[in-house]
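Worksheet: the structure to be examined is printed underneath.
Chain nomenclature is as follows: A, B, C, D, E and F, assigned in order of appearance, with residue numbering initiated at 1 for each chain independently.
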Amino acid sequence: MFIEVVNPNTTWSMTATMGPPSIESHYDEALAVPGILTEIEKGERDSVDGYVIACFGDPGLDAARELAGGPVVGIAEAAMRAAAVLGRGFSVVTTLARTTGRAWDLAHRYGMRDACRGVHACDLPVLALDSDPDARRIVTEACLDALSENGSDTVVLGCAGMADLCAHISAEIGVPVVDGVAAATLTVPSLFTMGLATGKRGEFATPPPKRYAGLLDGFTTGG
Amino acid sequence: MFIEVVNPNTTWSMTATMGPPSIESHYDEALAVPGILTEIEKGERDSVDGYVIACFGDPGLDAARELAGGPVVGIAEAAMRAAAVLGRGFSVVTTLARTTGRAWDLAHRYGMRDACRGVHACDLPVLALDSDPDARRIVTEACLDALSENGSDTVVLGCAGMADLCAHISAEIGVPVVDGVAAATLTVPSLFTMGLATGKRGEFATPPPKRYAGLLDGFTTGG
Amino acid sequence: MFIEVVNPNTTWSMTATMGPPSIESHYDEALAVPGILTEIEKGERDSVDGYVIACFGDPGLDAARELAGGPVVGIAEAAMRAAAVLGRGFSVVTTLARTTGRAWDLAHRYGMRDACRGVHACDLPVLALDSDPDARRIVTEACLDALSENGSDTVVLGCAGMADLCAHISAEIGVPVVDGVAAATLTVPSLFTMGLATGKRGEFATPPPKRYAGLLDGFTTGG
Amino acid sequence: MFIEVVNPNTTWSMTATMGPPSIESHYDEALAVPGILTEIEKGERDSVDGYVIACFGDPGLDAARELAGGPVVGIAEAAMRAAAVLGRGFSVVTTLARTTGRAWDLAHRYGMRDACRGVHACDLPVLALDSDPDARRIVTEACLDALSENGSDTVVLGCAGMADLCAHISAEIGVPVVDGVAAATLTVPSLFTMGLATGKRGEFATPPPKRYAGLLDGFTTGG
Amino acid sequence: MFIEVVNPNTTWSMTATMGPPSIESHYDEALAVPGILTEIEKGERDSVDGYVIACFGDPGLDAARELAGGPVVGIAEAAMRAAAVLGRGFSVVTTLARTTGRAWDLAHRYGMRDACRGVHACDLPVLALDSDPDARRIVTEACLDALSENGSDTVVLGCAGMADLCAHISAEIGVPVVDGVAAATLTVPSLFTMGLATGKRGEFATPPPKRYAGLLDGFTTGG
Amino acid sequence: MFIEVVNPNTTWSMTATMGPPSIESHYDEALAVPGILTEIEKGERDSVDGYVIACFGDPGLDAARELAGGPVVGIAEAAMRAAAVLGRGFSVVTTLARTTGRAWDLAHRYGMRDACRGVHACDLPVLALDSDPDARRIVTEACLDALSENGSDTVVLGCAGMADLCAHISAEIGVPVVDGVAAATLTVPSLFTMGLATGKRGEFATPPPKRYAGLLDGFTTGG
């Protein structure tokens, strides 16, 4: 079983060579998608069995499901679905305030409008999660504030870059803390084990072959 | 890691010794719950790490989450959440028509009101899944009818007793078919691996000790 | 016309001899259900015309509707439906914080997600409503806080044990206060007068006869 | 206890002398409202304890609640709330197809979007319910069609003019049939018995006195 | 192209001669409707191409759509739809607190339950918008409070009488401020340009001719 | 006033030189976005006052709103909002069945879950709208089928390539037919006239400058 974790920014990624250094706007997210799809097309040629999209905006998820034969799971989706079985409500703690809208979009899409009790920004840019020596403290405090304001049962970390903080924060705040990278990385093999993949009889069938122009000159599908 | 699958009926179960022979009404489901909770209390004494409730009505799920220290997952919940990452919509195929209401209740509870495109009865009682020689054909046809009527991407099997039919039906109908027993049995270890369990800071804290009267004389909690 | 009020705890009840002394968790509620259903089966043999389930979690309501020939009404349902005709929004004031989740579940189920503006705990255990000399003051203050926070038109008392406080609180806070026991006890005869009872053509038909094992050895239906 | 049934059309009414002969459009409904409000203002001077608005569109309900000191209940609201405690879903059978939109509006407003499984027109104008010798058969058949199409537990009659057909239809189709006139006429006294009336601390406080011009020259409030 | 702006109160209106001096209750709104409909019937005889209903409660909108051959747009509807394309969420700032319920009703009706982040009263009666020298400051402050509390992208002015304040407030608070009178007055000609008007094949067909009694003696339709 | 219509496919467009020849999958849509954003960045340098995104999937709308100082409107959004003021419900008629999911996504996002009564594919690829001599007949028939199945008041054309068919279809089927290109092209100047543009205080503020790698080497923002 070969599962690929597609990291759509160019800072932490070993794989993606196309996209923004970090994703913290709709614009960044839109520009990360061609790189993600390139990786998945390459993965299909390499017989990858399933994919994780490792950015909390779950960028390109629908298009990736069209391309891939195996399952594709986004980390926001996996994190929210995991949190949903751990209690009645969760709080999301994310980076910049401008990303909270996208998190709410996804909560609605995944049927979590009621389960998601709040989306809270800690006001750190994504790259500061690595570079700011106070990052761990700041994110932990945002989690505590969120719990107290929302009365949630659990916390969801709203950025792939927070994965390393998960165990520490959980120990500090005393409630389950869900890291979507871990959740998605465990969900995809489970689906594979059950022989499950994206349904291909309609909306998510492989797109017909076309030739794309301009910057996207190299893009073709279906052949 | 020790995961217990609690089978709340007395026909297929090795464990539960209390409850109805099959669960196909709200009444059956209500009477299955004390047996499920007894199993979980026993499991807690035996240091079980997590539980699957193996009836598609997910009976007693909230109460089980109060009792258990580890994660508890129902098979309807696990099946619907798995199906939700495989496409836009799924159809549920269940046993008797009178159980479709409960499936809709759960779809609403789990945020699947839009993802669940239809709940279809094949009009076989639960025990006939084993005893009726036409069961496999009848369930397969109900799946095909559901797909055609709902335009779904996948099918969810709406009864633990259909688990053995899953591979066959999937091969016959050519779309992913989700068995909740498998889905839940893979979800619980994933949660355990991540160190995740029910959040215990509020609604799902262990209930305070009390003495229960009458038939439930043996029941106590919290001590 | 013979209406039975089924009080599912063993403290205040003249009838139920099976169940917990008070209901303030999902676990308590689950264990109260077999006693409720026993009462309803007995009521059916005694030609009872309709039933009130006198616990604010409305435990066992669907199963009770399967068993009973006449109407069955829960006190949360009756209280919320009464409050809904008295204004745009109501606040629920309940006992322990851990019970607020169940009240929200019911608000969703009864279509009151928008009408229910808040569920507020007064942090008194159920039995303290009788024994704590400050109970009346504490509940009244919780009602005032709820009104001020939610901008509601009315208050719903979220526990059968608060029924005796209803008139006092209403006088104190100057807004309509709904006691579900009264509301349900008036709803059932109204339905009976109209010749209305649970629809029996599908989900709520009498369950087929089965033999239940273990603690539930005495349970049979349909015969 | 003095309950007034306000019948907003001029055909069947003993009281309202202002309005359309029957209500089967938004326009009719809008023009029925001043007559309803006149009746309620008169009722207030006569110390009426509560009101039923006897048109299935529940016209003027919010304004009536502002004027009246006691409870005001519409027949659509009362019928839908009664049907909701009798099963999971109901079908509404109404007169002309053009009135189905209003019935859906009310179903949404009353939190019955899921409970209401369908609104079906029998394509009879309101006045034909009295004059057409086939009316009873036509409405009964529309009820049967609705049940079969929606899988509902009960039927709600969508016009005050169908009240006389209720017992006959229920006997014919074998499921509970809810007449809103009866339901509302029983709901108002129940509320009065509990000492409940519209909450007056905000939106539904008595409107401030004003002088209305033109046709409405006689209208004043609050004085 | 001839677009009529129907101003349903008698204070600012050149046209309507029937109705309340200002609209700040459900009662006022109900009594404004016959005057609005009279104007539209007159407009139809004068070949008006489309209508704006210039009261934020959008009174009589459905009935007006039945009467008019051309498009009819309410100012709340137009304002909310404009605000919805300018960001994720808007706040409504209205006059008296008792009108907030109606604004929420409309937000639900227009599919803006999520986009509408809050409805805030500035506690000025409608006529004080003209007469109170502090009105501009009070409304501006209410807008700032709303933005800060709701995290909205824009503000919607919740009363036709605030139209003159729009440019000033927008300059003061630095976010887009939507005046529904302007929005509707631009929407109707756009629809006319596209040849679009209310669909007339069902619910909004011209009502059949009837004779209305009492105060409404002059009302007839369809002829 | 200078409004730019961004046509995101390379077949009909004079402007976009980057993207797929037609957009009929999530993949096509994802790959159209960088070209759209390039156009908008160029437009900003050229002082464009507002933008229409002329593809019914409204691709890149959120990112475009971040980049543009003026309003940005998608054609699905504009069409649905126009249809919503013309009656209670509309049907969308689109090209290939695989695009119906995206149309539903947008209907949910724009608050049109109830107003949108159905999304119907005519099973023509986008480019066949121009090349297939039967295209007009096929789309017209799909509109008639949709109306009859959904009971809608109006039809929304679900592809920019259907714009030329709008007048013909409307004449043929006798109900209002909404073309999103026209609707959006009239909405943007209306917003500009009111001085309204995307709110920039939060989620839609101009993205911070970054350097994008790989194929997107030329992309920078904010500088």
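A few remarks follow.
Just so it is clear, contacts are C-beta pairs under 8 Å (C-beta built on N, C-alpha and C of every residue); 3 or more make two chains touch, one makes a residue touch a chain.
None of the values given here were measured: they were computed from a predicted structure.
The most distant chain from chain F, with centres taken as the mean of CA atoms, is C.
Chain centre most remote from that of chain B: E (centre = mean of CA atoms). When the CA atoms of chain D are superposed on chain F, the rotation angle comes to 120 degrees, reported as a multiple of 5.
Per-chain Cα centroids separate chain E from chain F by 28 Å.
Taking each chain's centre as the mean of its C-alpha atoms, chain B lies 50 Å from chain E. In chain B, the residues touching two or more other chains are 65, 88, 101, 108, 114, 202-204. Here chain D touches chain E in the complex through residues 10, 17-22, 24-31, 33-35, 37, 60, 62-63, 65-67, 97-98, 100-102, 105, 108-109, 202-203, 205, 207-208, 210-216, 218-219, 221, going by the rule given at the top. Interface residues of chain D facing chain C in the complex, by the touch rule stated above, are 65, 71, 73, 77-78, 81-82, 84-88, 110-115, 147, 151-154, 167, 170, 174-176, 178-179, 182-183, 186-187, 190-191, 193-204.
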